[in-house]
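Next up: the structures, one after another.
Here come two complexes built around subunit A, the first alongside subunit B, the second alongside subunit C.
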Partner chain A sequence: MAHIHLPDGAFSIQWIITWWILAVIILGLCLYWLKKVKKIDNKTITLAAMLTAASFAIFQVNIPLFGGVHMTLTPLTGILAGPVIGSIIVLIVNILSAAIGHGGWGMIGANLLVNITEVTVAYGIYKALSKINLDTFSKAGIGTIIGLLFGNIAMLLIILISGIQGVNQDIQPLLYGLSLIAAVNMGVAIIESFITGYVVSYIKRVRPDILAEESHAGAK
Partner chain B sequence: MLLLFRRKSMGQYRMSELSPHIPDLDLITFYSEKGTSLFFRISPWTKAIMLVLIILFVSLDKSLILAVCLYMIVLVLYGLSGLPIKKLFQWYMIPFLFVLSLVLILMWNEPGSPIFSLSVPYFSLTLTDNGLLLMLTLLFKSFASVTYSLFFLMTTRYNYLSAMIYRVFPFPIDQIFLMSYRFIFITLKMVESMIKALRSRGGGLLKSAHRQGKMFAEVFALTMIRSYDRADRVNKAMEARGFSGRYVAATRIPRIGPGEYFSMLAVATMMIYLIWFVRFPF
Partner chain C sequence: MLEQNNKKGTIIFGTIVLIFLALCVFAYMITGDKGIEERFSNAAGLPGELEGGDNGIIGFTLEGNNLSYLIILAMGLGATAILYKKYRV
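Let's look at the complex of A and B:
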């Protein structure tokens, strides 16, 4: 997943508060939806908790590709749990990650916006492609890469708008540096899209009921 | 003697084999449940408020000197609590790489006095004093907040953390959070055993990115499937025992004492004074 790999203190306090407020508003809408539109049941809560734990555990695995890659498979969370439950899952994963030093506490608001973009876009594309006669691997892979592309764009926009405390360069060299990071992120996104494609097609092959049920729950 | 015994037990404690540079949740829990120093008896609310103050401080601070001072204070607190310093330095790897991944690109060509310059046709890179300051300041800010986060986690019992989560977050975030924290340990063990099985079949030795990716994808897929099945089983078992949809964390969290209020006020005043009323050379 794209993640703003900046520590606490990189953004000024007003931007930390701004991104937090935006993230809280989105989470508030998710909670409202879960309360008024789709009443959340015990099974969904337990399943969301398990997906959170799985997402966090998977992040701890070092994949020995190109020197080592870690991923939390945010788009996969979106495809399996839907954007609403997915947003809550990424909130908890971000809090747990901040607690162990992966991303700053102040960055959780900004990172949530990036991850919610990934979860929502990946889910939306996966669902949209379901109407076309495409195999599961391609649907999940395309959903993931587009989700991560949008996540990357959100990340760049957040950093460009907020600025980094202590960086006094003009916008052009900053944009050049950030583009380099986005390019590296997209390289990892290609690996992640293949892995997500494999994961979803494997689940489809072994336990198709999980995908059917979760896609249905997310779309309700 | 007791201390020696405790040190020995901690040393023998099996670490997560997934990634040595990611903090081991088992070890964190071990310390938080078994610790006896003064810091374990401080109200968890005080430690949480101090975390917020530290985040505010590093967000408002622009001075490297202040960032280094804060880091040293937090490191001393961590050490005085009897927490493992050597492990802490191993766990710095990820925050260190995260800071470098962005700042290593942005620190070049910052306005300031040049320290080092590299010129190739059509392209030049200059490291200035301000570029170097930027990297060091962010690095020390990062270490300060990571060290304090781990200090908070490793000196606060799980019961208190769960009660805080229950009180701070609205439904259903609190429920998902509380359950996921419990599930993390079993899921980690499950992933660990699957990775071991994969390695024992030569998984880690294969060079093909396609094959490697596919194998890890199968591990992840199995994790998801098993998590789903476990969630289903757990839910049925909980409902059979009368679970009505609300998981209540009823532990009474120790209140903030008058001395703790005073200490927080003193820290906040000191921070405001240092940030707004003292000028540091850098």
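Let's look at the complex of A and C:
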């Protein structure tokens, strides 16, 4: 997964505000869509609560791989809940994480944009692959890897655009260092892709109504 | 047909996994064994934060305040259980 693990103060105040404003606009659109276009039902509320708890639980665990890494389950959130509810889930998880001291408050805006990218791309890829009839495990696995790849790209771009306060470093070594982080993160993305693949396949087998595509098919 | 699609999916997924696994191992060999915060600090040119001390359970450790984590997690699971029971989903 991609998450900006920089302390508060690493970004200047104008960039912290900029990323927060962008994140708030996206979240505002999500809430508007939920209020006006798609009314949220009881099943979705329960699913969102479960995904929030699971994502929060997993995200705080430092996994002893490649020196220490984290997972967020953002692609799983996107595939099961969709990008709109998924964006609200990642907002709650980021706030709760900052509340227990994992990540800075100022970084929430930027990290939200990274996580929303992961949620949205994973959902989009999973949906797009449904059209060519791949098996559920592969669709979810590919969606996860591509979603997390785009999350890493978003993370890289946000840091490059913001720059690091108080550090006199050229863009080239920064880009090189961040690319290495993104590449190591992709190793974690592989593990996450297997977990997402198995969970989505299992849900499709025992509770196909939970998956959005199945619900739509059933409604037709 | 279904079996053919499963095979196609496995091939595409397997290829992507192998590409990113090779990329990850290559990057890990360059950077060495470092924690995520240390990796970030090094890349950004910030003074390095040395992680360590608590070895956790077989290397798995918790970020942030452990007690707050357990309280929030218990509340989250409790809320999920109540919603699950109430709405009978």
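The rule is simple: the second predicted complex is superposed on the first by the 196 of 220 C-alpha atoms of A that agree within 3 Å, B and C clash if a C-alpha of one lies under 4 Å from a C-alpha of the other, contacts with A are read in each partner's own complex, and residues count from 1 in each chain.
Basically, a residue touches a chain if its C-beta (ideal position, glycine included) is under 8 Å from a C-beta of that chain, and two chains touch if they have at least 3 such contacts.
Note that this is a predicted model, so its numbers are computed, not measured.
Novice: Record, for the superposition on subunit A, whether partners subunit B and subunit C clash or fit.
Specialist: They clash.
Novice: A:D135 in the overlay: touching subunit B, subunit C, both, or neither? Say first, second, both or neither.
Specialist: In the superposed model, A:D135 contacts subunit C only, not subunit B.
Novice: Can A:I145 be said to touch subunit B (first), subunit C (second), both, or neither?
Specialist: second
Novice: Counting only touches as set out at the top, which of subunit B and subunit C does A:N42 meet: first, second, both, neither?
Specialist: Both partners, subunit B and subunit C.
Novice: Give one of first, second, both or neither to describe whether A:L174 is in contact with subunit B, with subunit C, with both, or with none.
Specialist: both
Novice: Classify the contacts of A:G104 with the two partner chains as first (subunit B alone), second (subunit C alone), both, or neither.
Specialist: In the superposition, A:G104 contacts subunit B only.
Novice: Touching A:I25, do we find subunit B (first), subunit C (second), both, or neither?
Specialist: neither
Novice: Would you sort A:I190 into first (subunit B), second (subunit C), both or neither based on which partner it touches?
Specialist: second
Novice: Applying the touch criterion given at the start, work out whether A:I161 contacts subunit B, subunit C, both or neither, answering first, second, both or neither.
Specialist: neither
Novice: Kindly list the residues of subunit A that each of subunit B and subunit C touches, one partner per complex.
Specialist: Subunit A residues touching both partners: 5-7, 10, 42-43, 45-47, 49-50, 52-53, 56-57, 60-64, 66, 70, 96, 99-102, 164, 167-169, 173-174, 177, 180-181, 197.
Novice: State the interface residues of subunit A toward subunit C in the complex, per the touch definition above.
Specialist: Those residues of subunit A that touch subunit C are 4-7, 10, 42-43, 45-47, 49-50, 52-53, 56-57, 60-64, 66-70, 96-97, 99-102, 129, 132-135, 137-139, 141-142, 145-146, 149, 159, 164, 167-169, 173-174, 176-181, 183-184, 186-187, 189-190, 193, 197.
Novice: Of all residues in subunit C, which touch subunit A in the complex?
Specialist: 2, 5-6, 8-10, 12-13, 16-17, 20-21, 23-28, 30-46, 51, 56, 58-65, 68-69, 72-73, 76-77, 79-80, 83-84, 86-87, 89
Novice: Given the complex with subunit A, which residues does subunit B contribute to the contact?
Specialist: 16, 18-19, 22-23, 25, 28, 51, 55-56, 58-62, 67, 91-92, 94-95, 98-99, 101-102, 105-106, 109-111, 130, 133-134, 137-139, 141-142, 145-146, 149-150, 152-153, 170, 172-173, 175-184, 186-188, 190-191, 195, 204, 209, 212-214, 216-221, 223-225, 227-228, 230-232, 234-235, 238-239, 243, 245
Novice: Sort out for me which residues of subunit A touch subunit B in the complex.
Specialist: Those in contact with subunit B are residues 5-13, 16, 27, 31, 34, 40-43, 45-54, 56-58, 60-66, 70, 73, 76, 80, 88-89, 91-92, 95-96, 98-106, 164-169, 173-174, 177, 180-181, 191, 194-200, 202-203, 206-207, 210.
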